[in-house]
Amino acid sequence: MRFFKSDNTAAVCDEILQAIAEANAGAAVAYGEDRWSRRLDQVYGEFFGREVRVFAVSSGTAANSLALATLCPPWGTVLTHAEAHIERDECGAPEFFTGGAKLSLVTGAGAKVSAADLAARLHWFEPHVHGVQPRMLSITQSTERGAVYAPAEIAELAKIAHARGMRVHMDGARFANALVAQPVTAAELTWKAGVDVMSFGVIKNGGMNAEAVVFFDPALVADFEFRRKRAGQLFCKGRYASVQLLAYLESGIWRRNAERSNALAKRIAEAAPQYLSEPFATNQVFMNLGQPRIDALIAQGFGFYPWGPTGSGECRFVCSWDTPEDDVDALCAALQKLG
Amino acid sequence: MRFFKSDNTAAVCDEILQAIAEANAGAAVAYGEDRWSRRLDQVYGEFFGREVRVFAVSSGTAANSLALATLCPPWGTVLTHAEAHIERDECGAPEFFTGGAKLSLVTGAGAKVSAADLAARLHWFEPHVHGVQPRMLSITQSTERGAVYAPAEIAELAKIAHARGMRVHMDGARFANALVAQPVTAAELTWKAGVDVMSFGVIKNGGMNAEAVVFFDPALVADFEFRRKRAGQLFCKGRYASVQLLAYLESGIWRRNAERSNALAKRIAEAAPQYLSEPFATNQVFMNLGQPRIDALIAQGFGFYPWGPTGSGECRFVCSWDTPEDDVDALCAALQKLG
Amino acid sequence: MRFFKSDNTAAVCDEILQAIAEANAGAAVAYGEDRWSRRLDQVYGEFFGREVRVFAVSSGTAANSLALATLCPPWGTVLTHAEAHIERDECGAPEFFTGGAKLSLVTGAGAKVSAADLAARLHWFEPHVHGVQPRMLSITQSTERGAVYAPAEIAELAKIAHARGMRVHMDGARFANALVAQPVTAAELTWKAGVDVMSFGVIKNGGMNAEAVVFFDPALVADFEFRRKRAGQLFCKGRYASVQLLAYLESGIWRRNAERSNALAKRIAEAAPQYLSEPFATNQVFMNLGQPRIDALIAQGFGFYPWGPTGSGECRFVCSWDTPEDDVDALCAALQKLG
Amino acid sequence: MRFFKSDNTAAVCDEILQAIAEANAGAAVAYGEDRWSRRLDQVYGEFFGREVRVFAVSSGTAANSLALATLCPPWGTVLTHAEAHIERDECGAPEFFTGGAKLSLVTGAGAKVSAADLAARLHWFEPHVHGVQPRMLSITQSTERGAVYAPAEIAELAKIAHARGMRVHMDGARFANALVAQPVTAAELTWKAGVDVMSFGVIKNGGMNAEAVVFFDPALVADFEFRRKRAGQLFCKGRYASVQLLAYLESGIWRRNAERSNALAKRIAEAAPQYLSEPFATNQVFMNLGQPRIDALIAQGFGFYPWGPTGSGECRFVCSWDTPEDDVDALCAALQKLG
C-alpha cells in the first residue's frame, strides 16, 4: 500500500536512532537527572532565542494535556477550535488531566481560531461562579486542516486572550511544518507572538516516542513536574527521550524533514488543484473528491483517510519525512487521471 | 423591588414547612434510613405509574451531575443543548462528577435539542478510542428558554439516543411547569417517552433545599449511592430532605404552584406580545426589549435578568409560585406603557 | 427504641426551625447573595474574634472535602488520624474533591494525632516529585473517640505542620462539644492555636442541614467558591442554610445544646466507669462491654453502635441535644445491672 | 562513579536496540494497529501459557495506574503494602488515574503483604456507602525490599481477596528477577496463583521505554483502551514500544539479564552478610551499615541510596543487567574492609 494516512505512520529518522545508540553507553542517573535531560533547557533556549523550560513526554496527547492542566484550573475552560486535536482526537485527555476543565469551541476557516469568533465566544462567559472561567486559548500550528497561523494572527489571538487573563497554548505537533512554510523564526512564531506554552512535536517529523513541552516563562512551570510524574510521564531511563529531543534540533532534521514533507504535499496539491478543499500550506492536502473517486484511489492501493463526517466526500493526504517519491508520483498521476 | 429574576428567589411553600415541622419529632435513623426516605420510591412510583428509585440531593446541580456520573463513563460524552444549564450554569459540575466526561453541544430553537442536529452531531463520533463516545443525551424540561418538549418530541430524541446505546437524562428543574402546560401525564412526559433518569425539581416550585434524582429503571442505579455519599450529598438528618420531596407530591403543590406561576407569566406575555423573543409556554417570558426599555423598567423598580451575551437587548421575566399579583399587574402596565 | 446511635439521629432545635420560618418571607436574591448569607462573615467573625470568611454547605463531608480541596493540590497529601471521619466514613470524598490527593495516616490515643507520630510520619516524605507532598494536617475536634485537643496540643501540631509548609484543617463536626468541655474561647481553640480552616459543625448539635466552612485567613479562600458551586453546594435558596448558621450562634444553642449532651454522656460514663475504653470527655462514651453484654442491652431496646472491627466487643453511646433524660436514666440503670 | 542506585540507571540491551532498528523500515499503521502490536497477545500468551490481552505503555507508573483504574471504581480501595511503589513512589498516580480511589495500607516483612494483616485490615471495611469498598489487592513481585512471593503465598493472598470480590494486581516491575529466583513457571507465579492483571516490567531489565499491562482474563480489559488513550499512553508510532516487549521475551534476555543481576547481587550479599537487613533474594541488597560506613563508601565513589527515613542507617545496592563485574568486585572488597 502507498501510505498517505498520516505522518505518524512514518519510520524514525536515522539521526534519531543514531543519537539513541550513542546515548546507550553505561549507567545514567534516572528520572530526568541524566546529562541529556539536563541540556534540554539550553538547546531549546537557543532554538527559541530566550530562556525556556523543556520537559519530555511520550505523546502529543500527554504534552497537550499536561500543559493545559498546569495552567487551567478544574473550573476553567480552554477555548479552542471545534476541530482541534484536543477536542476531537484525544478521548477527553484534557478533561482527565485538568480534573474536569471544559473545552469551549470556536470556529474559523482552515481549523484556525477566528479572532472575531473568539471575541464573540468570550462574551458568553461572565465573571461569576455559575460558569466556568476562560483561562486558556489553545491553537494548533499547523492546524488540523493543514493551515498555518502567521505571527500577526497569533498575536491578535494572544492579545484577546491575555486581555482576559488567559494563557496561550500552542499544539505544535506539526510545528516544524508550519515554521518552514513561512519566512519567520521560531521565536516570532511562538513567544514573540504571545504563546505561553507549547507542545513541541518531534514524533511526526522523524522522532520515535518523545515530544517536548516548552514553557516560555519559567514561572509558568508551577507544579508541572508533579503532574508529569503523577501521569506516568516521567521516565526512569529518561535519556532515551531527551536525546531524541536534542538530536531533533541539533542535527537539523527538524528543518530538512519538514521541508521535504511540505514539498511532497505541494506536488499533490498542484497535481489536482481543482479538488482542493483547503488552500495548500504544509504537509497535509485536503480534497473534495467525492466517494466514487475516493473508492477508485483506494482500489489502486492508496491508503488515506476520508475526512469530516461520514459521506462528506472529502479526504486527506499526508506526506511524511519518509514518504517515497515514487508514491507521490503515483498519487499525482492517479489524481490527474480521475474523471 | 418587584422580583422577576428567577423562581429560585421565591420563598418556601407553607406545605413544605409544615411537613418539615411534623417530621421534627424525636429521633430518626440517620443517612437515609429514616421512614420518610424509605417512602420515596413508593410515592414517586405512584406519581410516575411505575417502579422507580428515588434519591434526595441538595441542589439541581448535584442532581444533574450525579445522574450523569452514574451513567456516563469518564471517556464518554453527554450530548446536550448549547444553552443547557449543565453547560452554562454549573461551573463544570458534570465534568467534575463524571471524572472529566465531555459535554458535546447541539442546537435547536427554544433551547430544545433539535432531532436533526442531534443526528448530525452524532455522525462526528466514531467508535474508536481516539474520541469520546456518546453515552448520554440530556434535555431540559421546561427548557432554559421556557419551551416544552411534547412527549412525541422526547420520544424522537430518545429513539435516536437509544439506537446509539445512549441513555436519556432529563433536567427537570422546572418539570412541573412543563407538565401542567400540557394535557399529558408525568409518565407520558418521562419514561414512556424514553427518559431513563431525571432530575426532579422541587426547590424552584415551592421547596426549600431538596431535589430528587429519579431512576426509571432500578438497574440503572448502579453505584449512584456510593457516588452520592462521596459527593457529600447523603445527609445525616435525611428526613428533612425526604419529607420535602414527599410533601411536594402528596400535598398537590407541585400542580397548584406550577399552574399559578405559568398563569402569571402568561399575563406578562400577553401584555406585550410584540416583544416576545420566544413563544410563551411556561413560567419564563423572554422579550427583546432593547437596552433603553430594559433600563426604563429597571428604573421603575423591576428586578429581572438581561439574557444572552452582553448588549443583546433581550431579557427574561420569571414568575414563581409566590410572585405577588400586584407585581405582575405593575409589570404588565409598565410593559404596555413602553414606547 | 432508646437511641444512642449518634447525635445525627436527633431532631432539629426549635430555635433553628423558628429562624427558618422567619426567613421565609418574600423574595430573596438567590445563590448566596441574600441578606442572611451576607451576614455570615460578621457573625462568625465576632464569635471567633477575628476576620473570617464563612460559607454554608449541606453536609460535614462537603465541608471537609471542599476545605481540603481548596488548600491541598492533587499531588499533595493530608496527614490525618487513621480513625478520622475523612478517612473512614466519607467514602473517599476528600480524594474525589481534591482530584486524587492522598490521605496519609497517623496514630495516637483517643483518635488524637500524636505529635511524635506526626513528626515521624513526615520524615518519610521527601521533597521530590516521586512522592506526594504533605500539604495539610487535618484533626478532629472533638475526635471520633470523643476526646478533645487542648489549645496547646493543637498549637504543637500546627507548629510541626506549618514548619513543613502545611495548612491545618479542623473537622469540627462536634466542635461545640469540645469547646464547652474546656475553659477556653473559640479563638483559643482554633486560629490562635494555628488552625487555618475549619468545618464548623451545626447539624449534630441542633441544626437541620447546614454546616459552615470557616477560613481564618481570607487569603486562603482562593478558589473555594468556584469549587463549591461546581460541587453542587451553592444553594439557590441560600437563605435557608445561612439562617441556620446564624441562629446557631446568635440564639446561644451552640452552648446550651453541647452542654446538655456532654452532661448526659457524663452520667452514662459515671454509671459504669469500669467499662470505659476511652476517658470521658464530651458527648460520646466508649465502653468495652463484650458481646454478651452488648446483646443484653440491645435486647432491652437500646440502640447504639458496636465499635471497631467486628467482634471487638467495644461499643459507643452518643448523647444528643435532645436525648430524653428518661433514656439516659434507663441506660445507666441497665449498665449498672450488667453482670 | 560505580552505580548501584537502581536498575533503572542501566543502559538498554543490544537485543532491544536491534529489534527497534529492524522494525524501523517503511510505514506502519499508527496507534497500535501495526503488526508488532498485533503479535503481543500471542507472544505473551505463549509465555504465560494461556490467553492474555497485552498492552504497551511507557512507564511502570502508567502500567500500574491504568491497571488499577480499569478494575477499581473511584469509590473503591486498593489494599497494598505500606512500602509499595504505588503508595510511596508514584506521586499519587493511582489516585489520579482512578478518579480518587484510596490506597489502604497493609504491613508485612520484606515489603510482602502479610496474609494475616490483609485479613485483619479487611475487617475494617463494611459493605455500606459510608466507607470505600475493597476492590483490589496489589502486590509487588519482587518487592520493594527485594523479596519474592512463592506461588503458594500469592495464592493465599488471592484467595482472601477473591473471597471478598476483589481483583489481584501484580506490580511486576522486577518480575523477571522474581521468576528466575524460583523453580517455577511464569504461569505458576501469576494467573495460576490468582493474579488477574499485572504490570509486566521490561525497562529495568534491559528495555528502553515500554512496559506491558497483561490481563489474564480478556473480560477484565473492559474500558482499558479508552483509559489508555485518554492518559496519553497510546503511541502513534506504536511499533517502537511493542517491538521492545516482543524482543524482551523472544530473545530470552528476560531470563539472561535477570539471572545476571541476581547473581551479582548475591555476591554483594555474601560479601558482608553481617550487615544484611533483608534476606537476599533477587537483585536488590539491603544493609544496615550505619551512617559512618555509608559515608565511607560514598567517599570511595560508590553510588547508592540510603533507605528508609532519614537517619535510619540503612542502604540499598541494586545490580542491573549491565552492572560491571569490576564494580561488584570493588564493592565487595570495600564492604569487607569496613570496620
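Letters are used for the chains, namely A, B, C and D, taken in the order the chains are written, and counting of residues starts over at 1 for each.
Assume a contact is a pair of C-beta atoms (placed from the backbone, for glycine too) under 8 Å apart; a residue touches a chain by one contact, two chains touch by 3 or more.
Remember, predicted model here, so these are calculated numbers, not experimental data.
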Pair joined by more contacting C-beta pairs (B-D or A-D): A-D
Chain whose mean Cα position lies farthest from chain D: B
Centre-of-Cα separation between chain D and chain A, whole angstrom: 34
Rounded Å distance, chain A centre to chain C centre (Cα mean): 50
Whole-Å gap between the CA centroids of chain B and chain D: 50
Residues of chain B whose C-beta touches two or more other chains: 31, 74-75, 90-92, 96, 99, 129-130, 226, 229-230, 234
Contacting residues of chain C [partner chain D, same complex]: 74-75, 77, 88-92, 95-96, 98-103, 105, 120, 123-124, 129-132, 309-310
Contact set on chain A toward chain D in their complex: 3, 5-6, 8-12, 17, 20-21, 24-31, 57-63, 65-66, 90-93, 96-97, 203-204, 208-209, 226, 229-237, 240-241, 320, 322
In the complex, chain D residues that touch chain B: 31, 73-75, 99, 129-130, 133, 223, 225-230, 234
